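Take a look at the structure below.
The chains carry the letters A, B, C and D, assigned in the order they are written, with residues numbered from 1 in each.
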Amino acid sequence: MSQEKPSVSGGQADGAAMRRGLRLLGLICAVLFVADFFVEKHGHHAWENLPGAYGFFGLLACGVLALVASLLRKFVERDEDYYD
Amino acid sequence: MKFSAMRMREKLIVRVIARALIPFILLFGLYVQFHGDFGPGGGFQAGVIFAAGFVLYGLVFSLEDLKRVVPWRVVELGVASGLLIYGGVGVASLLLGGNFLDYKVLDSHDAMHGLHLGIILVELGVGLAVSASMLAIFYAFAGRREAR
Amino acid sequence: MTEHLPALQTALPLLAAPVCVLLRRAALVRVFAVLVTWSCLAIALSLLQEVLGHGEISYALGGWVAPLGIEYRVDILNAYVLVLVATIASVVIAFPLAGRELRIPKERFFLFYALFLLCLAGLLGITITGDLFNIFVFLEISSLSAYALIGLGRDRRALTAGFSYLVMGTIGGTFILIGIGLVYQMTGTLNIVDLSQRLPPVLGTRTVWMAFAFLVVGTSIKLAAFPLHQWLPNAYTYGPSVVASFLSATATKVAYYVLVRLLFTVFGFAFVFERVQLSALLLPLSLIAMVVGSLAAIYQTNIKRLLAYSSIAQIGYMTLGLSLANLDGLTGGLVHLFNHGLIKGGLFLVVACALSRVESPRIESLRGLGKRMPWTMAAFVVGGLGLIGIPGTVGFVSKWYLVLGALDQGLYFVAFMVLASSLLAVVYVWRVIEVMYFSDEERAPERDDAPLSMLLPTWVLIGATIYFGLDTELTAGVAEQAAAYLLGGAS
Amino acid sequence: MIEAIPPGMILILGALILPFLGGALQRVWLVLLPVLGFVQLTLLPEGLAQSFEFFGYGLNPVRVDSLSLVFAYVFYLAAFLSVVYALHLRDTVQWVSGLVYAGSAIGALFAGDLISLFVYWEITALASLFQIWARRTEAAYRAGLRYLVIQVSSGVLLLAGTILHFADTGSLEFGALGLVSVGTTLIFLAFGIKAAFPLLHGWLEDAYPEATVTGAVFLSAFTTKLAIYALARGFAGTEILVPIGAVMAAFATFYALIENDLRRLLAYSLISQLGFMVVGIGVGSEMALNGTAAHAFASVLYKGLLFMAMGAVLYRTGTTRSSELGGLYGSMPWTALLCLVGSASIAALPLFSGFISKSMILTAAAENHYSLTYTVLLAASAGAVLHSGIRISYDTFFGPDRGIRCDEAPRNMRFAMGGAALLCFALGVAPNLLYELLPYPVNYQPYTFSHVADQLQLIAFSVAAAVLLVRLGLYPKARSARNLDIDWLYRSLLPGLVQFAGRQLARLKSAIESRALMGLQSAVRYVQGHHAPTGVLGDPWSIGATALWAALLLVAYLLMAYL
């Protein structure tokens, strides 16, 4: 997630651990997606019953949220001592 | 006041006439006081007239002279005891079994006599209180200028 | 002896005043005055009990029966006011006099007590008498002694304040006297009960209109109803705090009583509220008083003046209750008479406590007192909550009735204004609390509270604002009975 | 005997004894009070009602039913944890106000009539204020004042609404009210302020980050949840609450994503979580209300845990700005671990408390065909994974090291966080503990294959999305800034307007004075010139004015008489 150098005494996850973690995350996502084909669904909306629906929803929602938030920031962001 | 009093003091005619008048003023005050029982008059008017005599003395001579005749302490006592005489009659009538200020009970034999007695006493109280109050006011006003 | 209690109620303090002059020694006089005042309270309480139990009491002074003679007449309304006046007086007189607040030296303190008792006699007399002219006489007794009491203040401006109070009060007194004269001209009687029977046939005459206007305006001056309030701020600010405490809790309240008596008993509900439509003028003026008084209080830099302007606003509440002219509204006005008496009396005593430790009554100089005088300032906070009208304090009880009264008349705006002006009260109370507790003083001041002899009377009044906020039987209960009696007797 | 004490009073009265105790005894008493209160609560018989007369109106300050009880249990837990968390302080004011605050909030839960509710409502406002002021900075002081004004306005609205409601119906009972009259609408608004409805929420994100380290923990638990309880009691099934809640959940998410101050981020996240509960109340079905109560219960604990963790960071490092933090894992491993438990709970990871409560509301919304709301809430859940799940922990403990080295949080803080984390986990593992407390019978099973699978997917893919977004540079970076919110209205715009109006008024006033008043003044002076020797009267203007006014009034009364 970050490009900075790992530090020795800090608590920051070092690069190798980070890469391992990301690989694990990818694996989990893949397993969950595949497993989703074999789970019996009874959602309240039709789209919920598609395999991987929640995964895609999560991706999409996070993308939209981040974009809208960045947009919002253009309007509301001020200096930290704006009120002082 | 002091300045003008000094000037008046030097005027012989004023002094003489004042000296002659003051006893008559006081006497007239007493007349009004005691006549109030059964005719026009009464403690209030009498008190003012009586005080006027002393005020004239104070004007013609000086406040110090007047204070020698009637010290401030006496004025205070006059106000207080005048009120007390007035109220005392009321309380006395209460204690004798009547209503407050019901003079008729003051004399157990003759109600009319009690009435007269009550009125005279009350008027005396009023007269004393009023004349002392008038003097107190005069002292307060006259003394104020001197204090400066 | 109990049948003579009405006469003793005023005679006792009236006679005690000259005795104070004769006794002279400050310590002696103080004990004597305290005993006399407490006896007055005992008398007032037993009168109230008597009235609640057996109905009205009538006492013919000098044995001359009304309407010829002067009659003292005690009904539930004035018994209630008598208890208020005597209660406040009993507490205030026990408060030790601080030399730094009075211009007279200690050996002449007896003058203060004499004037105080005279004023008390006058106030009790106004309340108890059933004779219109007698009201005027007692009004003058109480007013004259009140002017002098104000003039005792240490500040040089106390004299001018007392003097302008005198001039304005005399204008009021003269108006009242003119009104009384006109009424007498039309009816030939001065007895209130007698008047209430003889006035109705002549209510249409211009003379009675005139009398009505003069009487209402005259009492409004004594009451400090907006816009005739200008004597009040200076008088309370420059007079001694103890005097301000006593007068703010009693003098204006008694004037309110006189106004109520005039409107409901003498002139009658139908005349006042249906023919003259008094509410059309009194109601807006009351609302303005509430707002203007509170706003003015917010901007004051002197705590006594702040409390004085707050009084003007609170008097607005009382006249508002009156002008609503229904049971809840009038109850609210009457109960606020008692409640505000407790609150404001208590708060001025708090100021007196504070002035025993700090030099000036400027709000600035109260800085950090929250730590230095915790008990005194806690009393201020509690009293302030009462002014705001927090539930659990007496202020809430009054406002509750006022709001109900306004809603009953369909006057939503008025109800809203009552609540909104409480917010203004939050602001001016808060300003003081902020200085007392939250000023950024680094060094924590030594704890140095007022002596117990001062704290005790203060907390008696302040504690009462909580007690009567919770137990409303004596205040709201009696006020409601009195209001029902007034409305029932008049309409 | 113990029932005679109204619930919450143990805390309030006990707190007042606190200043008179010293040393260790004080601390023991402090911790003992919530325990005592909790024990009393378990002894309270359901259906108990106390009433007394208050000038002619029957008031009912204690009424026990299951809705009150479930909130009361979690309030006592929160009070206990907060007190333990604050045990290191040497500040009696904070302890006393904290306990009074908690006690009055608990008291409010049992208020059976609107007047008692109002009294407790105002006490919570006043007591909580000191949790902000106790920080003793200028900024905290000002934020506290703004907080006070808004909280007191909420109280005034409640009182006004109560009076109107009473005038309408003659009843003071606090039961189901519904938006049926002006009175109940005012009450609704009063609740809405404390529940941080959109546009009424400014006080929350304004004040909470300014509170003390321990104060924010206290604050996060009581005020808003009390409002949720009050809404559930008075306005269950009020449909307008569904869109209100959805908007709360959504907009607060946006703000949380771009916020730099992590305690303010948590405040927004709190608003977002409140949105879920408000939706639940609006839906109003038995499951929705169960979900609201359950989510409030869970959220008090995990939100408290997160505020505690950020408090510990603030306590040790002096800042909670995300742009200044990072790599604290080495210094504060316990805090980091416990914070992760909080993050997992708010992200609704299976086995943690959020998972068993949040989905009840979502299911209820879907069952009642609020499809759009359902989607919005789901997106807000994904957002919660981003801002409260990942960012809080990552930015503080695992992100780029900023070279800050500090001690681990004090022992009492770790205890409190540990307790909260344990509870979060326990509820996630054994949801029936909570479900048995809920106001309605629960026939809901969170641990089904499809639910677990869906939720895991949502979380995993949201995390993946976060990684992707950061890689693509689309994720809003942490940077030092202040984001404007509704409080700008009264912090910037209103003072500006007032100044503007003040200038205009002053101009107007001088204009009027110079013309109209001149006339009046000269008239008064004319009268004075003849009747009052100037100088002698000292303050002649006011005397003259009084005479003038007296005359005017006299004329007015006469006119009224003749007309």
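The definition used in the following text is that a contact is a pair of C-beta atoms (placed from the backbone, for glycine too) under 8 Å apart; a residue touches a chain by one contact, two chains touch by 3 or more.
These numbers come from a predicted model, not from an experiment.
A count of C-beta contacts for the chain pairs A-D and B-C puts A-D on top.
Centre-to-centre spacing of chain A and chain D amounts to 29 Å, using the average Cα coordinate of each chain.
Centroid to centroid, with C-alpha atoms defining each point, chain A and chain B lie 104 Å apart. One simple way to say how far apart two chains are is to compare their mean CA positions; for chain B and chain C this gives 35 Å. Per-chain CA centroids place chain C at a distance of 42 Å from chain D. Viewed as a contact network, the protein chains form an open path, each link joining two chains that touch.
By the document's touch criterion, interfaces exist between A-D, B-C, C-D.
Across the complex, chain D is touched by residues 1-2, 4, 6-7, 9-13, 22, 25-26, 28-29, 32-33, 35-36, 39-45, 48, 52-59, 61-70, 72-73, 75-84 of chain A. Chain D contributes residues 139, 253-255, 257-258, 260, 326-333, 336, 363, 366-367, 371, 374, 378-379, 382-383, 385-386, 394, 397-401, 403, 405, 449-450, 453-471, 474-476, 480-485, 491-492 to its touches with chain A in the complex. Only residues 159-161, 163-164, 167-168, 171-172, 175, 209-210, 212-214, 216-217, 220-221, 227-228, 230-231, 234, 275-278, 280-281, 390-392, 397, 400, 403-404, 407, 415-416, 419, 422-423, 426, 438, 470, 472, 476 of chain C touch chain D when the two sit together in their complex.
By the touch criterion stated above, chain C contacts chain B in their complex at residues 4, 7-8, 11, 14-15, 17-22, 59-63, 114.
Residues 76-77, 79-84, 87-88, 90-91, 94, 98-104 of chain B are the ones that touch chain C when the two sit in their complex.
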